[in-house]
Each structure stands twice: as C-alpha cells, then as structure tokens.
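Residue numbering begins at 1 within each chain, and the chains themselves are lettered A, B, C and D in the order written.
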C-alpha cells in the first residue's frame, strides 16, 4: 500500500545494513512512496553487507562514508544532490554503536576513548551531518530530518550502557539544531523513539529478548516493528507534518506512557509461583 | 493535494463550528483523503452555526448532540455506523469551553459549579465518548482517536485559567483509556497539542493576540495553522501510525521545545527602548 | 533526629488517618521539627479513626472538615490561624479516594457521578483549599504547600483507574495555582510523587502487592517509605526550598527514571522457568 | 541560619571560583551546616582565583585537579578521604565550559575538537568523577551527589550553544550512573536545574542580561539566586532526601512550568508601543 506521499522528493538514508534494519525498510518505503534516494553506510558495511543488493533493487546509488568524518559527509550530500538532481528533501539518521558495549565494558568501568567513540558515532555524527548539510545549503526549504532514538534517553535500562547517554545527546542535538535550521530554512528535525527492535544493532544489547518480551506485554499495542517504524518515517518526511519539529516522537505501542500493564504483571507474578502459599496467595520476599 | 490516506475509512468529527475551526478543516481534509464522515456539535451550534453548509458540501450527515450526555453520544455512534455502513475508523474530539472564562472568573476566584462544567465539557466528554464507543463496539480494530489539546496542560499561561486543568485531565484520559482500548482492540488514542490558533474558541482567551505573536516568534517554524493541524490529523488517522498511542503530540512549530529564541528576545528587548542609556546599553529594572 | 527546620512555623495537615498514613508521619515530624500544627480529616474519619490519639500526642487540635466543602475549609483555616496564633506557613494535602474503585467499576465502565466525586475529593479539593486560603489571606508570604501524588499521573498502571486522571488534575492545579500564589505572595506549591505505599488508601488498589514488589525491584533505592516521604515534606516546608514551585517531585527511589532494572528483569525471567529449554535458554512465547 | 543538617558529614566541592560561584556558596553553607569539606578546581583556577581565601576561611584543603583527568580525580578522592578521615558523604559537581562559546563559534559552525572539550569538561567529567569514586569505594552508603544543570537541557535557548547538549548529556549520566550507584550502595545522584545565574561562567552567555530579565518576569517567585541554590543543595545532601535519585530538580522560581506570565507579557507588549494605533490597540507585524 502506498500513497505517493514522497512523490518527487529526494532523500538520503543513512544506516541500512540488511533487511532487518529500520533504515532498509525506510529506503524501500520511501521509494515506494515516490522518492528518489541515495544510500550510505560505512565503507566496511558497504563491502561486507547486503546494502548493494538494496541499492540495485531500488536503483539507488550507494555512497560509502564514515558518518563521523566531515569530509565524507560533504561527499554524501554533494554526490546525492548531483545524482538526485537537486536539494535533499529528507534524511534518515539511523546510526548507533557503542564500542564499550562490544568490548563488554560495564557502565561503571567505561573506557573513555571508547565513550568518545560511542558519542561521536551515535550522536555527534548527527550534528556533523546537519552542519555539513547546512553549510552546503543541501536541504530544501521545509525539508525533514529524522534520527532514530530509544526510550533509554529518558529512562535507564540495565545493559543499554553508554548508548543511553548517546541517545540523550542525540535528542538534544535534534532540538538545538532544529531551532536554527527551522528558523532559517523551515527545516524540521525530529527523533523517533522506537520500540526495542531485533536489528543487528539491537541484538548486541544484554538481555534483549527478555526486555522485548516485557516491552511487548507492557505496550497495549505490542512492540512496534521495523516496518511500522518505516511507515512513521514516511509521514514525518511528507508535507503533512510541516510544523512538527524539535520533538522526540515515541513509536512504541504505548510503552513510554505505561507504568504497569495487566499483561506484564500477570507474567511477572508467575515468577513467584514457587513461593505460593497453599491457599494460592503469593508470599512476597 | 491529497493522497487517499483515508480511502474507505469512516469517521466522526466532533466540534466543527465555522471555517476557522480546526474540526472544520479536519472534516474537509478527511473527505478529500477518501473518508466518509458524520459531523456532530451541540444542538445550539448546529442551529446557529454554519456547520449545515459544511455538511452539505461534504455530503456528511450532521448529528446534533451534547457531548456531555451519554445518551446523545450513543446516538452519534449508532447513527454514524448506520449512515456510514459500518464501524468507525477515526474520531476527532475538538471540544473545549470554560464557563469560568466566559464569566470572567479569575483562577483564584473560580465558581465550582462552572469548574465542573469546564471539566465535563472539555475533558470528561472525551471519556464518555470513548466509553460509549467501546460499549457499542463502535470503533474498528486499529481505529484512531485524536483529541485536541494545548501546551497549557504542561505549562501555565496566564489567562488560560481552568482550561489548563481541563487539558491536563484530557491528556490523562487519553493515556488511561488508550491503554485499555489499545490492549483490547488495537485502537490508538492520542492528543495533538496545537499552537495557539485564532478559532472562535481561542479568541476568547485573554491577551490572545500578544500571546500568538510571542509564540510565533518563539517557534522556529512559526505557529502552526488550523489547516496544518488538519494535515497532522490525517496522518494520525491513517494506517501509517498504527503503533503510536497514549501520546501527546506537539504540533506547534517547535514552541514546546524552546526556552528562548533570538527573534522573541529581539522583540522583548525593544520593550526597554525607553530605558536605554546614551551608549545604547539597556538599563534593566 | 530533628533539625529545628520548622521552628516557630504553623502548619495544617490534611488527611492523617492512622499510623500508616503519610500525613500521620508528616504531622509527627513537623512537630518534632518545631512546628505547631492542626490536623483535619472528614468528620467520619475523625470519629472512627485514631486521629484523636495523634492530636493528643502532638497537642494538635483536630478540626473535622469535608475537604470538598468550601465552608468547612474556611473553618479549617480560620480556626487554625486562631489556634496557632497567626498565618499558616505550610499545608499538606494528602487526600484521595475513588468511589469507582471502591465500587469495583472498571475504567471503561465508570459511573460518571462517581467520577465527579473522585475528581472533587482527590483534586478539586486542592483548588478549593488554595482558593479559600488565598481569599482569607491565610498563608504567610513564602509559605509552602504540598500535595501528594503518584506516577500514575504520567504513566498508566492497570487498576489505578480514575485516580490516575485525578492525580493528573491535581498536579495541574498545583502548577496553575502555584503561578498565581507565587507571583502575589511568594507561596510555593508542589506535588510529591511518592512510591506506592501500603497506606489504608493504597491498600484498596488492585494487585497492589505485586506492583509494590515490582516497583521495589525497579527502583535502585527501593520503594520510599511513608516515613521517608515525611522527611521530604519537611525539607519542602522549610526555608531551604524557597524557590522551588510548580514542580512534581518524584520521591520514589528512582522508579520514575527507570526503564528496566536488572533486579526486576531477573525476577521477570523466572516467570518463564517452565518454558526453559534443556540448555537453560528461555523459549519465549 | 543553620540546622546542623550535615553534621559530621564529609564532602567535596568541585568548581568554586569566586564568591559569585554557586559552588562557593555551597562550600560555605556546607561548613555552616556542620560538614568538613575539601575544595577542588583546575590548577589555573586555583592559582589565579580566590579559592585559596575560601579554603582558609573554611579550613578546607584545596586540591588542584583537572576534572577531565582520571588520575587527578583519583587524587581528589584519595586525598579527601585522607584529610577528612573517611568516606565521602556528598559531592557537588559545578563544572561547565564551552570553548566553542568562548571562541564565538555558532552552533551551526562548531569546531568538533572544541565540542569534544565542551562535552568532556561539562558532562563526561561527571562520569569520570563517579567512576573513579566508585572504583575507590570512596562514597559512603547513602551518600548524595549533585551536579548543576540548566533548563537548556530540555528547551533550546539561543546562544546557549553546545552547552545545551552538554547539559542533556550530564543529566543522562546522572540517571545512568544513579541506577548503578543506587542499587549497589544506596548512593543517590541528582541534577539541580538552576535559574540563570550571574556567575563568572554564566556571564559569558550571549544576551544573558535580557534573558535573566525575561526569566525573572516569567518565574512567579523570580529567579533563584546562587545563595538559594546552595540551600537546596544542603537538603539534597542531607539525610532527609535519601530516596530521591536520578532526578533533575528544577530550582528556578517556577520558570520551567511556565508558558507565559502576565508580567513577562506586559513587558513584551511594551515592545510594540511604537506600533500602537490611535485607539490604543496594538498593530501586530
């Protein structure tokens, strides 16, 4: 089902890796909605990954680039404008990685060089992208830029580690730059705070499966999928959301507004089964 | 410009009064996007207002109803399902009025019978609408319900009076009922927190013009119009936002995320012109 | 341990019922910190309850009053000023009750007369108290007023029912009136959002014990007790927090800022024990 | 006026520069409340500044240290425990500086090496401090740690530049580490979000005077002073707030909960005086 929501628009999608990636789905849907796009990811990801297949399928040029490198980012925007034939109407930033998590450094034993990298890759890259784009005057008036975030920016989840801080920084950059890009060019900048999603990135996080089960039972609509997230990106890129900016938009089946659901609590209570009294009441510890 | 976003969907629009109303624009756009709708407002508003012209234009039946009256609400849903030929896919609640404001009662001199009315009309009516709809099983699975709110629910604005409390209550009802309707029928319930808008309702608020000027200068994208708000409603009613629920969505050009803009401060500083020293510096009081 | 934090101050404590009540602890601590106070609760609660013992112990007059009745509230403030010898420096509002919960009406089957009562008792009573106090000029300049709230005002918890909406309304009233009372008399108004607490009031809420266990495991510092809440009230009544107003202050061991703790997730995972594979991995449903 | 709130407690105060500094006031009040403390600031600040006078006056050892340097931080904690005779009960982090602001780099023309420094000095230093303290087991059970923040972490203020992002990161670190330090040692970690304050640090921010005037008129209680902020720190360090953690506490006279005050709007409207029509109505642009 498509609506021509992005007919004639030009876009850049950062971060598509494989068909589990949200960015992959966004690329597919954007093209289905009538957009012309380019794809970009790190040179390693481009070489190793399946993104070239996606590029072929969507007739989208792939521009290898390190999103923490200003010169690479320049190239992405310059080449995209050249290939797509004009200024860019929308951009997706779907980039995040914590070397501390990869190296299994706990949050109270962080390596600070790695923390710098977490912040640079997952948050400062967004500022760099925006600053490069603005200096090149690469975004159309009323363009729309979205970065993907997670509720850990507001609430602590064990094991999410320094990525939580990176997401808080990312959301702040969206506001700070949203003010400037908005007042000068009407460009809106938002973050979408997505349900936990079993992407390649998400799968590295500790206890991910249990967390997803819990989030799913907590959320009245269940966890949002990568596919549904891509749908939400379409409306944020469309002309129907021109006055939404500097917002963090929860796309999570209601999780962020839940304190406790019956379904999650029912499951939780089962954990006490072995402590049940003979009359069936639970003997709490 | 339309996209067939609501093709084949059935909707009810509460609160269209005249062509300044957000609800009026929502009705027009919903039909343009392919929906069939009914309109409802109070019997007085229907008799006195221009809503009958809108009904004719959109080929939409008008059902007079007092939104604080459970029986009237039943009628609205029953009649709408009958006229539209099935369960309802989307509903707009655009209802708010403070008799205390009308009677010029200040917030520290409220009449409590009038406060009950403010809360009943502007917030509890939303619960009644939802409870009636659920009991009648009148909303389609994955249906979408939106109520209009204002930032006064989070932050105090002088003169907005007991409407601020009503909006806070409204947003809470959206969350509370959103949990239940979501888990049982996948129905999502959200509020859109709109820029100050010069509707007939908005025009009663004290100092509205200056406030709108200030909000406009504070917001990087300027105040959102009624027309743009209707666009946002379209995406919230569409199938592209199926996992967004229990949220308060700011549609305000960025106002809610601003502390101070250069443009607003430039204007503010002009207020000190008469207190300027000879060297141009401002002599603050 | 006491610090003379409230030496010479005059206070009114609404809502002490028995020694499980937060208000009871607040009364005791306020007197220990050097304050002179009066106590008030409904005539029924005064007749049936143990509050008279508290009054004797603290040498505090008990003034029976219905907090939804403006005349009764006048009496409370007038009599308190008379007994205590001057304007009031601090007030605790610890009042909340849902007849819908008592009658086991579910949230999608509310009785609207009972909802009015929930809102009137649990939230509008706070406005009435403030409006009466201001009209009588009964609060000292820089006085401090606190109402007790719960995280359900922001996030939905199954079974908390219409009390969630009442708490959202209560917190809004604190902001709205806080603006007016602050600008005119420097009076600050805040809400304290307390951990679930096994008071007589709290014990009526569905699934309270499991919820408290979950909240306790989620909160890095564990649930806050009634006693600790009373401590927090002391600092909010003292002269050390003169510029804190219109805030909702979480006193919950960190719960409100948690997405998921290791301790809660460990417990949650036990619920899947019967679905464990032979290799110990969990087979999620 | 003092209460012996910190009697026998040991504390470290980071960031006292001169008698305008909040940290300076905190040091003075902490000692007045019965604490023994050490002071620390950068070697340059110690050499050039007046902090040595403060040290003498309070009988507090001054430990020069670069708060971005882990070894220096170790020294601060080790030496403090040695001098004060035991584990530390409270710490104030009052450190923030943006080289981008100093070099007048605008937010859309940031130097990224300088941004790294802003983040490292103003936010990551807090993590380093906490990690060092925890590894040394230098904080007493139930100890209290406070960092100073600003509303720019939530809302954009022109000219505050990359300090806004640093404050967002700082507040996230408080939550992330607050979870871990809380669950393991009952240590609470909070940020206090203070009114704009004319400290040496604050005075570098663009348009600071007008902003302070506006904030003052917006806040029902007016801007909070450095002195009052120190009072609030006392209660957060005391045993009366043992269950408050992972919170950002606004200490701002109500500013954060205001949308528009009458007083600020009255002033704002004066800016249109030259555009007034003959009948007194304002002709908005």
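In the analysis below, a contact is a pair of C-beta atoms (placed from the backbone, for glycine too) under 8 Å apart; a residue touches a chain by one contact, two chains touch by 3 or more.
Bear in mind that the values here come from a model prediction, so they are computed numbers and not experimental data.
When each chain is reduced to the average of its Cα atoms, A sits farthest from chain C. Across B-C and A-B, the chain pair carrying more C-beta contacts is A-B.
Distance between chain centres (mean CA atoms), chain B to chain D: 39 Å. Chain A and chain B have CA centres that are 29 Å apart.
Between chain B and chain C the centroid-to-centroid distance comes to 31 Å (mean Cα coordinates, whole Å). Shared interface positions of chain B, i.e. residues touching 2 or more other chains, are given as 155-156, 158, 175, 178-181, 246, 257-258, 261-262. Touching chain B in their complex are the following residues of chain C: 70, 107-110, 112, 115-116, 119, 124, 127-128, 130-131, 134-135, 153, 155-156, 158, 161-162, 164-165, 167-169, 171-173, 175-181, 246. Residues 1, 3-5, 175, 178-183, 186, 188, 195, 219-222, 224-225, 228, 231-232, 234-235, 238-247, 249-254, 256-258, 261-263 of chain C touch chain D in their complex.
Residues 151-152, 154-160, 207, 209-211, 213-214, 257-262, 265, 267-273, 282, 284-285 of chain D are the ones touching chain B in the complex.
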